[in-house]
Amino acid sequence: MIFAEGMIADLLVMLVCVVLVFVFIYRARGGMKVPAIRKINGLEAIDEAIGRATEMGRPVHMTSGLGAVSDAETFAFWAVLGHVAKQCARYDTRIINTNYDEQVYAINEEIIRQAYLEAGRPDAFNRDDVRFISNWQFAYAAGTLGIFQREKVAANIMVGYFMAEALVFAEAAYQAGAIQIAGTTATAQLPFFIAACDYCLIGEEIYAASAYLSKDPILVGSVVGQDWTRIGLFALIIIGTVIANFMADPKKSPLYVFLKNK
Amino acid sequence: MFDNPTIANTVGAIFTLFIFSYLWKENALYRLAEHIYVGLSAGYIVTMNWHTTLKPAIQQEIAVDKQYYLITAIIIGLLMYTRYFPKIAWLARIPMSIWVGYGVGYVLVFSPAPFITQITNSFQKFSAKYTTWYGTNTVNNILFFIFLIGTMMYFFFTVKRDNPIMVGGATIGRYVLMLAFGSAFGNTVQGRVSLFIGRCQYLLGDWLHLIK
Amino acid sequence: MNIFDVLQSVDRRVIYVLLALVIAIPLLKPIPLPLSIAPETQQCYDFLNGLPDGGVLWIGGDYDSGSATELTPVGIAAAKLAFKKNMKIILYSMWNTGATQNHNWLKAVADEMGKQYGVDWVDIGWKAQAPYVLRGMTDDIITAAQGTDFEGNSLASLPLMQQVKKITPEYVDGILDLTTGSPGADTYLQYVIEPKGVPCTVAVTAVSSAQYMPRVRAGQYKGLTNGLSGAAEFEKLTGFPGKATAGIGAQAFSHALIILLIILGNIGYVVNRRG
Amino acid sequence: MRKELPLALTVLTGLWVMACNYLQPVAKLDLFTKTEHWYVISGTAAFLIGTINLIMVHGKNIMRRKEGWYNSAILLIVLFAYSIHGLIVTQNDPKWQWFWDNVWTPVNSTMFSLLCFYIASAAYRAFRVRSKEATVLLVAAVLVMLGNVPLGKLIWSQIPNIKNWIMAVPNSAGMRAITLGVYVGAFAVSMRIMLGLERAHLGSGS
């Protein structure tokens, strides 16, 4: 047997998702006309937020929350960070990035440095504005709260994986008078971002960020692939529901056996 | 000093009050507590990383158990420090790219299982023995299905909302999300309030002994 | 600025002070409130109360100080209930930061009820790679726990551990897991409840209750206490009122205050919009 | 080389992690446990970069006598004292633990409990009947808040049940839908990284 026992369903499901994305990236490369992504207010507002900070002459703050380098949320954050850092470098707006995870911190510093380099202003990059605070959740929150107030942050952009500190950040940044854009996949924290922030990216909307912000047709192609995966998911759920309702013993149907036999 | 609970509780209580003072205004006492807190957290991590991970790896796993492959892990990790030396700083990209690769592999390996569980849990038999109107029953099962599908439709990125099914689904989805977020918010209030109740019980009970 | 503007823009500090007062006052002067028992709390109590006298209760203490207000009261009341039924208790903590607090409250209950360490109760404490240790303990507790308890004593020397070899229905009658996230009740589900068939009930924080409720309905957990109110209900059922019962008044008044503020804010908003 | 090597390493590591878990010939060697341990050790070997950043930022504050430099000094003193003490006596020393239990733990719990106040002010500020959607949000929140305490039942006996219904039906369905989508997105972003389409982290823009 070439495939690991109990992992075949996992592998197949993963491959279907990944291959669909790949197919549309491939087709977009080949010149397929890609449709527009629906308006996502939270992403639309990013440039507005940077603009506001620029006008006020105050910094933009960015955080990826508690995500590690092995969290997909952090990958999404990097796409947004790359964009924001480039804009900030271009408009000479200070960008502060606070961190919870050392590994993410190191990578973030590279991203921001590179953005300044590409904007032709490597000298304007300030290493001290990319800061590691603590890898304890609330020590990280405490340090960041202080920064919101002391640095008078004008825009606060939070994208990534968050836990209870989400609302601490959102309220403290509100008190500091910052415009806020927040996005996370953590369903438990979304309600607080919805309530306390100006714009909110819900769940997978953060994964469309790279395509949305860059408008690169190839990346948009991958988002089309995401939508096709969703259509596949619909089909699967409907078939599963039909089986659950019309088969005498659904647990014995091939689909159930395949998906549950892990 | 280390055995006296009154001193211990008083120290704890003073720091508790320093942190609460932030609610009024960011101030010097909060800043003091904040910096001590961050300093302690960092000191703890240094201690723990050394005693529980690095020291056993070097002294036991490499030296005694002869797990020599771990030497490469330490070398790769140490490459991160080249970032402080501009000429060789690019070497720091080696550990970074390995970590990101590990992360990507990890997502692609360990996300399918919970994803499949979420999918199979959505295969729902509609007919159910009636328990209560708010519990298990056929109507609720059907509603769950409609709400689920509608909310999933809301997230379509590139499919145009130009037919009644898409519009209807996405509209249902928007309201379901609002219900979900509202209720999750309301449900969290209880937990957050109990955090402060805990601090009050500490301040008023353990420290001041005003609560029996 | 009219009254309706004021209602819409109450300063946050006023809100903070009011909130602190409605929480602190009921704690100092408890106000009895009628409690209705949620069905899951009743199930949790029925399950624990139905365990055989003299049997073994395994308590998983998988939380730290952040959730102590909501979960510790359930642990205390359950420990009292179990000790009253002459049951033995084994405690295992999967959160490094919570192991000491768990040891302390269980020790306090045991001392109060005259129970002896090693005979009536044992605290295994926290172990590195805690979830894997838990899985190992379904085969052999002492080996998986590296042979020592919370204080570093040899587990093999404790009479209770000589009787209880592994976490299986043969040795452990039931589990109560006090859980706030991962590792926690889901770890038990994966390694102990599903594969070994040891019945388990859970105490969860209000924040995470929505996540665990479906598993109670599916019968994977035998019952559930939800947050501080669930803990207060549980205390009432066991007849051992404690800190949760004392806190429930504060809880109720704080909710009332927040709702009142929302309503006032909206009155201001609606009136101003019309005018 | 400096551009291609990082991407190649990312892809190879990703494929290796997958091979360890998906391919039986590799999986049976049980190499993933070792890989995981290798990853933890390499990350831990680099952990001081966080501490170095703290030392540099606060060290500069002190040297330049920036506003609040004395707090930076306190942070560094605590950091050095606590870590050196810990390195000498190990983490099981009761005196070392004392600071953790009596300074760190209360501060940590208090930081957490700030949420009690923040959730109240956020609710007051955000829950307004601005639109139909906002009203739905508000009503759901209020009903659930009432349903969670004895008060709800005093007002109307059905309130706890309404709360149960909202939590069981729309809440579960909505959260499930978000979660399903999140996985789809996670696969897509991982794929984009493997293909080198998203490479902000490799230092070449997004």
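Read from first to last, the chains carry the letters A, B, C and D; within each, the first residue is number 1.
We adopt the following convention: contacts are C-beta pairs under 8 Å (C-beta built on N, C-alpha and C of every residue); 3 or more make two chains touch, one makes a residue touch a chain.
What you are looking at is a predicted structure, and each value in this text was computed from that prediction instead of being measured.
Colleague: Hey, how far apart are chain A and chain B in touch steps, shortest way?
Modeller: Between chain A and chain B, the shortest chain-hopping route counts 1.
Colleague: Where centres are the averaged C-alpha coordinates, which chain has the largest centre distance to chain B?
Modeller: C
Colleague: If you tally contacting C-beta pairs, which comes out ahead, B-D or C-D? Let me know.
Modeller: More contacting C-beta pairs are found at B-D.
Colleague: Roughly how far is chain C from chain D, centre to centre by C-alpha average, rounded to an integer in Å?
Modeller: Chain centroid spacing, chain C to chain D, equals 23 Å.
Colleague: Find the geometric centre of each of chain B and chain D from their Cα atoms only, then give the gap between the two centres in Å, rounded to an integer.
Modeller: The mean C-alpha positions of chain B and chain D differ by 4 Å.
Colleague: How far is the middle of chain A from the middle of chain C, if each middle is the mean of its Cα atoms, in Å?
Modeller: So the centroids are 33 Å from each other.
Colleague: Nearest whole angstrom, what separates the Cα centre of chain A from the Cα centre of chain D?
Modeller: Their C-alpha centroids are separated by 13 Å.
Colleague: Which chain D residues sit where two or more other chains touch them?
Modeller: Within chain D, residues 21-22, 43, 46-47, 49-51, 54, 68, 101, 105, 107-109, 111-112, 114-121, 123, 125, 127, 137-138, 141-142, 145, 148-149, 167-168, 171-172, 175, 178-181, 183, 186-187, 190, 193, 201, 203 contact more than one other chain.
Colleague: Chain C: which residues touch two or more other chains?
Modeller: 12, 16, 19-20, 23, 65-66, 206-207, 209-210, 214, 227, 229, 251, 254-255, 258
Colleague: Tell me, which residues of chain A touch at least two other chains?
Modeller: Chain A, residues with two or more chain partners: 10-11, 14, 18, 72, 75, 103, 106-107, 110, 133, 135-136, 139, 142, 150, 164, 187-188, 190, 192, 194-195, 202-204, 208, 223, 226, 230, 233.
Colleague: Can you list the chain A residues touching chain B in their complex?
Modeller: 9-11, 13-14, 18, 34-38, 68-72, 74-75, 103, 106-107, 109-110, 133-136, 139, 142-143, 145-146, 149-150, 187-188, 190-192, 194-195, 202-205, 208, 220, 223-224, 226-227, 230, 233-234, 236-237, 240-241, 243-245, 250, 256, 259-260, 262
Colleague: If you look only at chain D, which of its residues touch chain C in the complex?
Modeller: It is residues 101, 105, 108-109, 112, 116-117, 119-121, 123-125, 127-130, 138, 141-142, 145-146, 148-151, 153-154, 160, 167-168, 171-172, 175 of chain D that touch chain C.
Colleague: Sort out for me which residues of chain D touch chain A in the complex.
Modeller: So the residues of chain D in touch with chain A come to 21-25, 27-28, 43, 46-47, 49-51, 53-54, 56-57, 60, 67-68, 107-108, 111-112, 114-115, 118-119, 121-123, 125-127, 137, 175, 178-193, 195, 197-198, 200-201, 203-206.
Colleague: Taking the complex as given, what residues does chain B use to touch chain C?
Modeller: It comes out as residues 23-24, 52, 121, 135-136, 184, 187-198, 200-201, 204, 210-211.
Colleague: Quick check on the complex: what are the chain B residues that touch chain A?
Modeller: Touching chain A: residues 19, 22, 26, 30-31, 33-34, 37-38, 40-42, 44-45, 80, 83, 92-93, 96, 99-100, 102-104, 106-109, 111-113, 115-116, 119-120, 122-127, 145, 148-149, 152, 155-161, 177, 181-182, 184-185, 188 of chain B.
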